């Protein structure tokens, strides 16, 4: 159904609320590590202001270059705690979204937007504290002429997103957690963070990663040779 | 005369002061919409610090890669309320402009700079609150060897700019308003903003764009079909 | 030795402390000018937060795409006042470095990182006030499988860096000063800055660069013709 | 299962041979149109020589930057008529594939390669007439250190590809046809091509698309106004 | 009128036939030099096959991302010897043009296409020997929903093009010659080429550019110092 | 001395002729492998026509954006068997080199050009069979105003090149072999090629790389699990 247009789905199965609440505590880097280094959107997806952060369930939409019609249909599907994920049928940088749509999204309970295109009204969005991750900032407006789809699976910035998946965004980027795995990933994130806390304390005291992670023998086996001076290298 | 070099024009016809003062109240996105979605510079033109904003009349300059000589000639032409628009004969990222030239521009009444190349002394420019929109930040200095032109029409970041046109820049980018249309565009911007204010209130109350803009029939005609569940899609 | 792997050098010859302390007073643009416009890294190297600033001696490392092993070896070589410069054997955007490694670097006296790849934990690094210049921000984690080198000469973002060279980074980018030239460049920077101070005062008073730098005759000789009105141009 | 590693699947369900044979007759542009304008890989995927062409069933593989190990596992899975589709866990341009692997692929019945990374031995591959679509050409070699997956679903150059799907590549790019839709898409392609043949004849005789497609009234309704001379435009 | 939509102009003033015929004899590099190094489109505009070459008068069109409607209107305006120049209101890579439209253009006397977007049916266009310069190759099809303009001034790939201007394209790119200057530029091109012929003979005999162009004194004055060995450099 | 300007060195130490002759027999990919995967220039350096090939000793030059003066000085230094390597002080795409300079280079014994910028007269260069690797093709001409250097070490497309080093270019890119290592690298290339010949024969017979390189145990140890069907994956 990827790429198919003309479909708007009303009911979706969202990830369990408790798992979403858990995931909200962790950063994007931690979560993607806890998922075996999967789920990241492409790094060109950047927050429109530093410190932006979101965690919610995905309303997906697929639109066309220069046409933001499906964002209005997506607004209709929003429930409190949702994040809109907008994919495009072909690369484009128009400004699809501004403070009016953000006002509408927020009024319906929407928490933020992930969009593989451009946005505008950046200052106003930051004043509203409405988080957006986008490929571009562009004042250029859009039309409403061609239908796409809402709440079908989409490929957004290189990642497959299904409606109801958990979307987490922070200064490091955006990660998608499949709804069915949300609880398991939250648990794995918690464990990873606990481990990192103890490692951080050891590193802070001056201990080296080489020793904490027992890397010295592996480095030697892999061929690293230590020299006292560069002139000793033959 | 586009691209012709060796010309420096002293007197230009600036957009009417009243119209410039009016346009200063609106954002780049609003103004470009009020002009029928024309006049934007390419979206790679970004402010060097968040919150930068400018509205003034254009002193245009055309220079060559790695050569900022014409910015000194442009300084001579500045009157209070002007903004320098610097185009290049070929793409380049050198740092053409820093705090010394900004000091000179400001002393002559210059309000800001739009440059299809690089700038430097970013921290100092932000401390001075001197707004610049550029393609790049680069410390690399320039020479003064080849003449270009000042106050001839230029193509800057994909947009045609004539001397005396109104230049507005904000966090969303840069728009150019032809001098002869400044009053008309200011009026259209005012009307657009008034309309948006009322729409914003309705959206804030939870009303949908689909209803406010009467989109439902058009969506149906364009082929959008609603389904309750994804499994209902054949 | 450029590009050779399997080498970790313990002792390097650092630039004299006094010269490093002097260079810490100047901006990247000033220093690169004082070096005859050499030494800049490519302008795609950007600080991960505005206002980041560093000046220290280089510990160099060469690693492979998606593999941050050598950063752990680099940590071992750090002495107070050092900055790690990390080059890659092939272009890559993984997130090689985050708050754990920053904690380790700082514990060993490391002042910052220059990396021709991606970093993550941006918010945490900013909170720590740990300055990093990178090509990308990416949450994607790395492995530790293949050895590179530490403290051999590297080409990082287009610039040759030798261990012990002085690295200065600010909002304008990154410059490398060869260790043997550090004192001479610091002196030249001081002279340049003194000259700029007096020029700035003259520009501030409204004097033009055209007159301060005696450019008028040169412009004429180079073919620039002044016209009162554009209609005078034949 | 997208992005999961450590899995190599031996048996896959390939699209029906007859449908693949039918699709081999059509161009990429025609097929993607027949699928409702879906299925294209990103346009940065280019053939390594002009005139390259392939149509076969997908063996999918997921690998890591600088590591071509999974291409060797993919070779094991090849049956006559297959095309390998290689996705990466993170963007990379290494030369993953050259004439040795092409020799192996061909010996096993492989028809070509679609790879979201770099290739090398371009001259030799062209002499062998072994078609490859890639993001880059790069001589840089790879290691074999980390496992990915073979014959799991992958996102390659922005498109979802399942093992057994039909892959068609020509000078215009690459399109993926889901195995279950192969017959239906082949039929739709045939119909489209038939229609184009008759349109081509009319256009060749000088008839205009405006008349053949009855566009004149729609253009007028959409606001296009004809003027005899540019001076007539008010 | 730049950027204004809803206008289709029937009659335009073409450059004189004799001048166009003269310009057809020279390469893009020669012509742009003869115009004082002006008139080039951006270098990302590449021919879709090596050896493509065109010289004709411009029919201009302005369209929107993903919408090729105006190419059909442009076809109606074509007279023998014309070249269509297609600009976009915002950057886009769709495949706007293929062998059907090429058939139509040729039937009306059109010689080629310059398009700041994508094209498809590359193999067929090459077989037809129909020259196109484009920003991208992409199989992705377009819609016909929004009007732009035909035969108004456009900015295409950074260059201002007026209807009736002369367009020359070859392997080096595309240059536009204003209609009013066509004869003068043709003459200057002829002179430049004559001079190059004699220079080429001298260079072929082993004489150096340093001597032919009397550069030795200028190099010395500009600060170039010759050393016999690198060790002589202090 | 990297980046220093104002220096032209007449005598350089070239790699031994016999070693250059040996290296001429191998491809770029083979040579870079034989050097431990070092020495490649960035992959954006592409031949201007397919099948271009060169092997010779480097005359290095450093120039400035839009200024090709140093190519004329480089011509003076050419001896039969040399290849000019041209680096820039800042990124640029001008057309620095065309058929006139190629005529001069060839007359002096020059075999080709590697240039981290643009070239023009592509058709003529291909007719002359004069091989060039460049970052861009651009008709835009250059000036002769500022001195750079000739025969000093340069960083070209990310690689350090010393005068006299061996430069090999083919369809896969460009590799630089330090003069002192030329003989050793030629020998290692010969051995590598011999080994590949025998591997190629085994692969051609249908044997798998998995078996030839004894990868099966390593894959298992690294965590790859084989499944007969995708449904077997838990």
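Should a chain be cited, it is by its letter among A, B, C, D, E and F, assigned in written order, with residues numbered from 1 in that chain.
Here is the rule we use: a contact is a pair of C-beta atoms (placed from the backbone, for glycine too) under 8 Å apart; a residue touches a chain by one contact, two chains touch by 3 or more.
These figures come from a predicted structure and were not determined experimentally.
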- prompt: If we look at chain A and chain E, which chains touch each of them?
  reply: B, D
Copies chain A and chain B touch via same or different residues, half shared test: different
Field: Equivalent interface to A-E, taken from B-C, B-F or A-B so that over half of the residue contact pairs match
entry: B-F
- prompt: Between chain A and chain D, what's the gap in Å when you average each chain's C-alpha atoms?
  reply: 27
Message: With centres defined as the mean C-alpha position, give me the chain C-chain D separation in Å.
response: 42
Task: List the centre-to-centre spacing of chain E and chain F in whole Å, with centres computed as mean CA coordinates.
output: 30
Field: Residue numbers of chain D (touch at least two other chains)
entry: 5, 37, 89, 91, 93, 138, 140, 145-146
- prompt: Each pair of chains that touch: what are they?
  reply: A-B, A-C, A-D, A-E, B-C, B-E, B-F, C-D, C-F, D-E, D-F, E-F
- prompt: Across the complex, what residues on chain D touch chain C?
  reply: 64-67, 89-94, 138, 140, 143, 145-146
Message: Taking the touch rule as given, give the residues of chain F at its contact with chain D in the complex, in rising order.
response: 27-29, 32-33, 37, 40, 43, 46, 50-51, 170-173, 175, 196, 199-200, 203-206, 208-210, 213, 215, 218-219, 222-230, 233
Message: List the residues on chain B that touch chain E in their complex, please.
response: 2-5, 35-39, 42, 89, 91, 155, 158-160
- request: Would you mind writing out the residues of chain A in touch with chain B in their complex?
  value: 1, 5-12, 49, 69, 72-73, 75-76, 93, 95, 98-101, 103-104, 107-108, 118, 120-123, 126, 136-141, 144-147, 151-152, 163
